[in-house]
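Before anything else, here is the set of structures, which you'll find just below.
Paired with subunit B in one complex and with subunit C in the other, subunit A is shared by the two complexes that follow.
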Partner chain A sequence: MARHRGRGMASVNYPIGMNLGGDPSQALIHSNPDGKFTVALSAIDLGQGMKQVTRQVAAETLGVPMEDVYVDTADSDTGPHDMGSFASRGTHRMGNAVIAAAREARGVLLEAAAEELEVNAGDLVTDGRGNIHVKGAPSRSITVKATAQAAQFKQGKTIAGRGIFLIPLSTVDPQTGEMNPNTAFAHASLVADVEVDDETGEVTVLKMASAYELGRAINPKMVEQQLVGGAWMGISHALYETPEPYYPDPSHGPRDFNEYLMPGPGDIAPYSITVLERPAPDGPFGGKGPGEMCANPVLPAIANAVYNAVGVRVNDLPITPEKILRGIKANGGARPQPRRGGG
Partner chain B sequence: MLEFRKDLFAAERDDNLNVVGKGAQRQDMPGHVTGRSPFFDDHAFEGLLHLKVVRSPHHHARIRHIDTSAAERAPGVKRVLRGADVPVNKNTLLSLINFGKDDEPTLAVSKVSYKGEPVVAIIAETEHQALAARALVRVDYEVIPHVFDVEEALKPGAPVVNETYPNNYFDYHDRYDHSKLRFGDVERAFAGADFIVDDRYQMSPIEHAPTETNGSIAAPEQNDRFVVHSCAQGLFFSLGTAAKILNLESNRLHFVGGTVGGGFGGKVDSLTEPLSILGAMMTGQPVRYVLDREEEMLYGSPRGAERIYIKDGIMRDGRIVARRIRSYFDAGAYTRLSSYAAIKCTAHLPGPYTIPNVSADIYVAYTNRCPSTAMRGFGITAVDFALEVHMDKGAEACGMDPMEFRILNAYRDGDMKAHRRVAKNTALIECVQVVADKTGWPLSDQARRQSSLTGGGGARADIPATVLDDNGRIGRPETRTGPVTETLPAGTMRIPMTKQPIMEGSAEARPTPPAVPQYEPYRPTPPANQPAYQPQPYQPTPTAPPPTQAAPPSPPSAPPPASAPPTQHGAVRFSSVFGTRRR
Partner chain C sequence: MAKVPVQFRLNGSDRAAFVAPADNLLTLLRRGLNEFGPKYGCGQGTCGTCTVLIDGELQLSCLTLAATCEGRHVETVSGMANGPTLHPIQQAFMEHFAAQCGFCTPGMLTAARALLEANPTPSREEVIDGISGNICRCTGYEAIIEAILAAARSGQVRRA
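Right after this comes the complex of A and B.
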């Protein structure tokens, strides 16, 4: 009886947003008289960071400090229509809608500043610190705050913008499946190292390493949060979770967290992530969205690592000790496969 | 630990950005870490009532009789709701995009199709009273045969799970019992392949297990409106669904949400909103309907099971020349969103690889279990598991290293995908190379030299002559296999391309549109005569000319006005593009 180490890998891509379009998001932005901006959305922040992503996208496009932008979700009376936070669509669809709204608001902002500075709006730039100045001549400047004051109380301008982003509806050919599905794809590859106990069938994930191509990491800390949390979910999908452990027999269903198997803190493996950025032509600053895909490569990489360790292919998820032991028994014992470099 | 490889694709990226790319603290973090962020259940109301539902104890049964008289007389009970009280007691979620037929009641009337299906709702002054009254409802059931296995469900003579789809499958295009993908000629390619790798995969259901269970609070608002505190993942999606089921104009509903305690796809279904609003309408008081943990686990709609069969034809040099896939989504008793996931899965096949012959049949099957719904990676996660384990077997069959095998077969810019659109912006090869590097996985020099940017297109961009079939015509299960009906000539496309917007920040977007001046980094300058705050006296300027704006690039055009029937409320309905038109 022994513990066998194994290493497996997988590589995947992921479609961003609702397939086949018909997938709109809207955003409204306005400034208060002090040059502080509110972004009104009906998008949902379920922990993934919708408010912060759109805040950074809005600040970038407006050319103002991030602290001067506040994102408000979600009230159907004030936030304009959005399909919802699913299908990894939030950053991409809503990010683009916010860019469109911020562009319009920025246009008015620069017009108002131009009027105050008595220059052409096309010659103005923002410094991202709350100032607007003539390109190449930072001394000819006005603050965003003073501009908003002037727009509101003197010029009678609304520094506001509306944005919509729509992937238009497409159709499907019934015979061939020809279609225009998603326009942006993210990519990943992952290596998992496991140890399998051939006496108990238990799998321990020792460590994982991955490379994710996400277009643009709009907030790297939140990317890390998504990818780490998603990898935990991937381990859980691969080795532990299901409400129907003997599917399609529905019996033995768990009723609470005491009965529903999930990994605990001790089961979390060290995880090294590398981010690649190949901007999506239609993404906000090239951004795609890691929301859903972060669990996907973990499942097959672990399954392949289990095979590498003991020579058992488990094709049915989750990969339980019972399934591994049955496989080892059928094979007449553990059959470790050739070790892979670095494992 | 997270690191960047900024050297890769650097030529395609404009990194001269101010805020984007910074790991700034989240706007809502102080509220979250101090426990002050308000979630739907953090709203107190005077006179709040509690709603609990009576659920079916059987997997499949006819309802002979429902007796609620004892429950109505129970202490604290304000109202008992039955199917007849629901204005539009049949809905399908994707009717919001005009996809599929209404098939699911809010409260079952004549039949229950899964264990846990809601039959009666009790509204009482306390949760305890609602639970006590729930036990007093008498439902007389006639148990009928059930089916749990997707392939059993599709056999002739299987129990009919869902009367709207009497063959136990979702109807695609009013024509087929499955979603089809056909590209090239897989059978001929199999015949010429050196190795055939064939296997079956199964993903069991998975529970979303959000910290915050599904729930909502609805309350009468002034002026004949209702405010709804919701945990919906799509606020207008839920509003539209509730407006339709309750036959209300959408502007009588005021949804508040946006801060949700975990969803993972399990809060798209509007499981509670229609009943809590109906309760508020019927009682004139605020009503709270929240699933307890056991309800969330057992009846809160899981990630559905998928069964996937894959057959690959592989050459000795490692090239995959054909891939055939047959898979089954287990929708449970009602459609919810499974019909959409099958289409998404179809478009995703054969995975991120360039394979010249691909065929897929994707079924959505109804079984007598809790309806499944979206979950993180919907339509993709299970098939990616199957594909990537199958890739491992393919590499083994032809004696190649698994990474080299993937790099060899990876799709590249310019390659034709099986759904007849050209791949671009690809990066699979680079991801494999980077992960090989960091894990010390040995790669050959040749594999290291490969790039997503080169080597694609050319012959790899061709659409092959494609054999078509008429297998799986609706209502005729004996037609699931059959002869080739025609061969579509090489290069044939039938669906117009959609115009793709191009945004700034990417190589193709340059030069930058004039309306978005480049970020010019801050250079400290003396504050000069520009104080930070210059309060201006209010000076009305009634004669001022209308403000002129820098013309922004016109946003994508809005959808055409909805042509929905006037009796239908809720969100705008788009026209149907796939599947079956709504009746």
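Right after this comes the complex of A and C.
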């Protein structure tokens, strides 16, 4: 009886948003009399950071400080339509919709400022700190706040913008099967090192390392946060979680957190991440977003590592001690596989 | 069944209520006293997000009968910040991105507070042990562990 070490790897090409397109997001932006902006979205931030990312995107496009932008995702009754937060589409779809809305609002903002300064709107620039001035002549300036107030109370203008981002639904050619499945793919490779106990069937994830290419990391710290949390969920799906452990037989299913297994804080493995930024041509400031692919490569990498360690190929998740022990028994013992690459 | 009166301190203020003998503390806090810091997760003591301190001791409010809090001091996550000034542990959670959806955060902060007030210089293993009763579904725990260790290193959490 022994503990066997194994290494597994997996790579993923991950399509951002719904395959074949056809999943629009809308955004509405308006200024308030205090010179601050409200972005209305119907997509929901479940903790991934969508509010922060769209706030940064809106501020950058409007040319105003991030502190002056509030993102409201409260209510799908009153907000503009959105397909929702799923398919890793938030940054890409909603970000692009916010850019479109912010561009329109910025256009009106500069027109209103031009009227106050008696210049051509095309000659105006923003400094990102709440001021608008004539290009090359910073002294001829007006604040965004004064502009918003002039538009509201003097000019009778709404500084507002509408945005939608839609990749039209791709048809599938019935003869050739040709289609346009997706416009933005993110990529990742992940290596997992595990230890498998051939007496108990228990798997310990020793460490993981990954490289993610997800367009521009619009908020790098939140990208890292997503990747770390998503990898935990990947380990959990690979080794622990299932509502029906003997599917299709529904018996012995977990009923509560005592029985629904998940790795706790003591079960996490050291994880090193490299983020590669290759801005996507159709992404907001080049962003694609991490999303679901944070977890995806972890599962096959661990399955491959278990095979590498004891020669058992488990084809259904989770990879429980029971399945590993049955595999070892069927093979007549643990069969460690050769390991390439040393380490 | 006849309700019974209960008086206790909640985050430093005296509170009184009538509760059914079987009412738990979490129900009293959320429905009776509009104290929404502790969350209702599982209702059976396995997720940890309803965690509170009772006379300084870590307790699961969903498993605590409200009537047993008579004369005691109940502290929730809402009592950690001092006005606009965050508690050092809250500050560390913010700086280390230790929250995503935030549902576990009230329990995590309270568990971390109990840990550091009892042991201001915990090891990583002691931090893991300190939050082992709290489930987090988003962060993978690493950022939470790092935040608690950083709060300990800051030396700003005093022994209770």
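Basically, the second predicted complex is superposed on the first by the 329 of 343 C-alpha atoms of A that agree within 3 Å, B and C clash if a C-alpha of one lies under 4 Å from a C-alpha of the other, contacts with A are read in each partner's own complex, and residues count from 1 in each chain.
Here, contacts are C-beta pairs under 8 Å (C-beta built on N, C-alpha and C of every residue); 3 or more make two chains touch, one makes a residue touch a chain.
In this text the structure is predicted, and so the values were computed from the model without any measurement.
Once the two complexes are overlaid on the shared chain, A:37 sits clear of subunit B and of subunit C alike. When subunit B and subunit C are set side by side, the one touching more residues of subunit A is B. In the superposed pair of complexes, A:87 makes contact with subunit B only, with no contact to subunit C. When the two complexes are overlaid on their common chain A, residue A:229 makes contact with subunit C while staying clear of subunit B. Contacts of A:155 after superposition on the shared chain: subunit B is touched, whereas subunit C is not.
In the superposition on chain A, A:216 makes contact with subunit B only, not with subunit C. Within the superposed three-chain model, A:268 lies in touch with subunit C and out of touch with subunit B [touch as defined at top].
When the two complexes are superposed on chain A, the residues of subunit A that touch both subunit B and subunit C are 46-47, 49, 221-222, 224, 230, 233, 256-257, 262, 271.
Of all residues in subunit A, those touching subunit C in their complex are 46-49, 221-222, 224-225, 228-233, 256-258, 262, 264-266, 268, 271. On the side of subunit C, the complex with subunit A involves touching residues 42, 44, 46-47, 97, 99-102, 125, 127-129, 131-132, 135-145.
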